[in-house]
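Chains: A, B and C, in written order; residue numbering restarts at 1 for each.
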Amino acid sequence: PPSPLQPLGILRAPCRAFSNNKILVELDESTGVATMKFKSPPVNSYSLDFLTEFCISMEKLENNRACRGVIFTSAVPKIFSAGLDITEMCGKSMEHYAEFWRAVQEMWLRVYGSNMVTVAAVNGSSPAGGCLVALSCDYRIMVENPKFIIGLNEAQLGIVAPFWFKDTFVNVVGHRIAERSLQLGSLHPAPDALKLGLVDELVPEEKLQERAVAVMAQWLALPDHARQLTKSMMRKAVLDRLIAHREEDTQNFVSFVSKESIQKSLRMYMEMLKKK
Amino acid sequence: PPSPLQPLGILRAPCRAFSNNKILVELDESTGVATMKFKSPPVNSYSLDFLTEFCISMEKLENNRACRGVIFTSAVPKIFSAGLDITEMCGKSMEHYAEFWRAVQEMWLRVYGSNMVTVAAVNGSSPAGGCLVALSCDYRIMVENPKFIIGLNEAQLGIVAPFWFKDTFVNVVGHRIAERSLQLGSLHPAPDALKLGLVDELVPEEKLQERAVAVMAQWLALPDHARQLTKSMMRKAVLDRLIAHREEDTQNFVSFVSKESIQKSLRMYMEMLKKK
Amino acid sequence: PPSPLQPLGILRAPCRAFSNNKILVELDESTGVATMKFKSPPVNSYSLDFLTEFCISMEKLENNRACRGVIFTSAVPKIFSAGLDITEMCGKSMEHYAEFWRAVQEMWLRVYGSNMVTVAAVNGSSPAGGCLVALSCDYRIMVENPKFIIGLNEAQLGIVAPFWFKDTFVNVVGHRIAERSLQLGSLHPAPDALKLGLVDELVPEEKLQERAVAVMAQWLALPDHARQLTKSMMRKAVLDRLIAHREEDTQNFVSFVSKESIQKSLRMYMEMLKKK
């Protein structure tokens, strides 16, 4: 398909073994709709392996003329994704942090800039990076369970969401809601997330897949080319901002995460998670 | 009146015969309020003649110190305006496409940048360019009939709304609603349009004129100069963006619309309309 | 505390006598929360003395490691603040107007760019500059009395809100609501202000203080550093815009306010206020 959205640099880990066991990709060739199902227990966190597999899968789908849309969902009960894998950010080398961060950027560029229709079928909690992937889709459906929470809660962990997380958030919920939610590091129960516009609709869990397919069909009814150019027009400014500052953003992350104070916070946070 | 908003180039068709039969302009000198009533059946589409007449009428009102506000409405039942006249975009010369597009730009610059108070009294459906004129006013009142629909549905026709349509839309409904509505090429029934903020209020058809006059009086109660400067402050960035890229935008339109694939789509679309 | 937000120039009136009788500042060292209570009857207007005292108080709190948050409220019944003191803008020298305007800018820079958590406890009407201070806080609670009104009503007085008032307003309520409200110079009763997003919540007057303290505690539960950096990320663009054009903005104000036509309007407005 024609590609008005071409924000993507070269995938940074082309030689990495393609494990293909963290994400289940299924393509229904009759409808042109793929499903990417995250199955990396316990919480689908974005390890470097996960991210690499994610980006390779996205690239394959993007280049497959038989595929026009992709649904993201989780195979792990109660969690969509917990976001970045903290073990990748703790006790590793500067080179590792940089490689990891480039993979996070690449994931976002591929989802936010995708030519395909992207639908998040959020069937569990979705903090931080999990929320980011949902925010980067064209449409978000969440299970109506108020125990499932979603938000960019970085501030709660003593860290700051990168500017492109913020830009993506502002484009979905507007400046005021983003400002308040980001500063408080809020995790919103599904009904609140709907009210704030963070997700587009809620459905009972057993209806989620069916509804995602129906929404996808509605978006695929449009001619691809016009829809893709329109999407690009809406998202280009925000995509270009990261592309223009990608290396700088990586260096910021590396120098931030290597700080002893941050390493200490992250170790304490991991200890706390282990005890749970 | 003082003119803080001066985005307008020279009107491009100064020698065109002023037909003055597609728009009925009435000025109530006692209130300073003009009404521009579109009467170009069957659907008030923006032909080059319509646009020329529109721009000349606007210029006259803008320069008339007795006129402080203008209400746009339709004399054709059930339709406000269907937007751009597709016959102007089909089987004509490159020069014609360019002239037509400059007239479309001129219309928008004159409405969005008007020093007058502008109120859209939307008494029928208002797709594409029809919606654009409504979005460019200071206030939008729509008849509450759910059969009347409004939206920027370009993507449905396989074409892409220009960036300044998009900017105008985002300024009214925000980024998220614009992104979704533009990609889907949605035409929203009046009640949905109200919920989305696309129009400001709904009234029964028989109350429309009265309500438009009352709203106008409320806006005219403000001192012109302060109101005009405030309006300019809010709209200048978006106006300047087209003014800075006007010729480029025209060339984009011309090269897009001259493509054989687009000509074919437009011919098919016209055939479909004729059969209706 | 670390200071990611450093928009502040040198305070322009360092030798001014520090009257310290227009604002009551109380710091609860056990919670780290200060209260700045405006007590400048009849309407807490921002005279040069008020502004100087305000900025000095803010600077002291900002530099006091024991202080992490500040609540703004009024000691005068029924009024939060009426905004700029018109007597400072009438019949004075150009130098005086410039000094006054720099103090207004300084107040905004200090509140909008504060590293502290800022909560407005709006216990009375809050037009113009009064509204600006509320809009510049992290959170706004207003007494639910519909007789209390709030808004940027400059256009009603024949003047134009500066671009940074507008930017602050747009960041809170979005472009469309700001455009309409600014052009009409609307003063919104508390319930309408809540619906428009101009304030975050309404409470009965007797609950205001308690609620402000509870909200503050919620915001202070976050680690300061991450919250401050997040706040800076959200507000930096708008702060930088005034900082980059501060002197130009001052000269605009001075030349505007010195016009005979404006002086005449302001004198008439003051006469009207005196008769009330």
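Just so we're on the same page, a residue touches a chain if its C-beta (ideal position, glycine included) is under 8 Å from a C-beta of that chain, and two chains touch if they have at least 3 such contacts.
To keep track of the chains, here are their UniProt names: A, B, C = Enoyl-CoA delta isomerase 1, mitochondrial.
Just so you know, these numbers come straight off a predicted model, no measurement behind them.
A.B. asks: Tell me the shape of the graph of touching chains, choosing from line, ring, star, complete and other.
C.D. replies: complete
A.B. asks: Please tell me whether the contact surfaces of subunit B and subunit C are same or different in residue numbering, using the over-half criterion.
C.D. replies: Counting shared over all numbers used gives less than one half: different.
A.B. asks: Roughly how far is subunit B from subunit C, centre to centre by C-alpha average, rounded to an integer in Å?
C.D. replies: Using C-alpha averages as centres, the distance is 38 Å.
A.B. asks: Could you say which residues in subunit B touch two or more other chains, in rising order?
C.D. replies: Residues 174 of subunit B each touch two or more of the other chains.
A.B. asks: Considering the complex alone, what residue numbers of subunit B touch subunit A?
C.D. replies: 154-161, 163, 166, 174-176, 178-180, 182-185
A.B. asks: In the complex formed with subunit C, which residues of subunit B make contact?
C.D. replies: Residue list for subunit B touching subunit C: 138-139, 170-174, 197, 200, 218-219, 222-223, 225-227, 229-231, 233-235.
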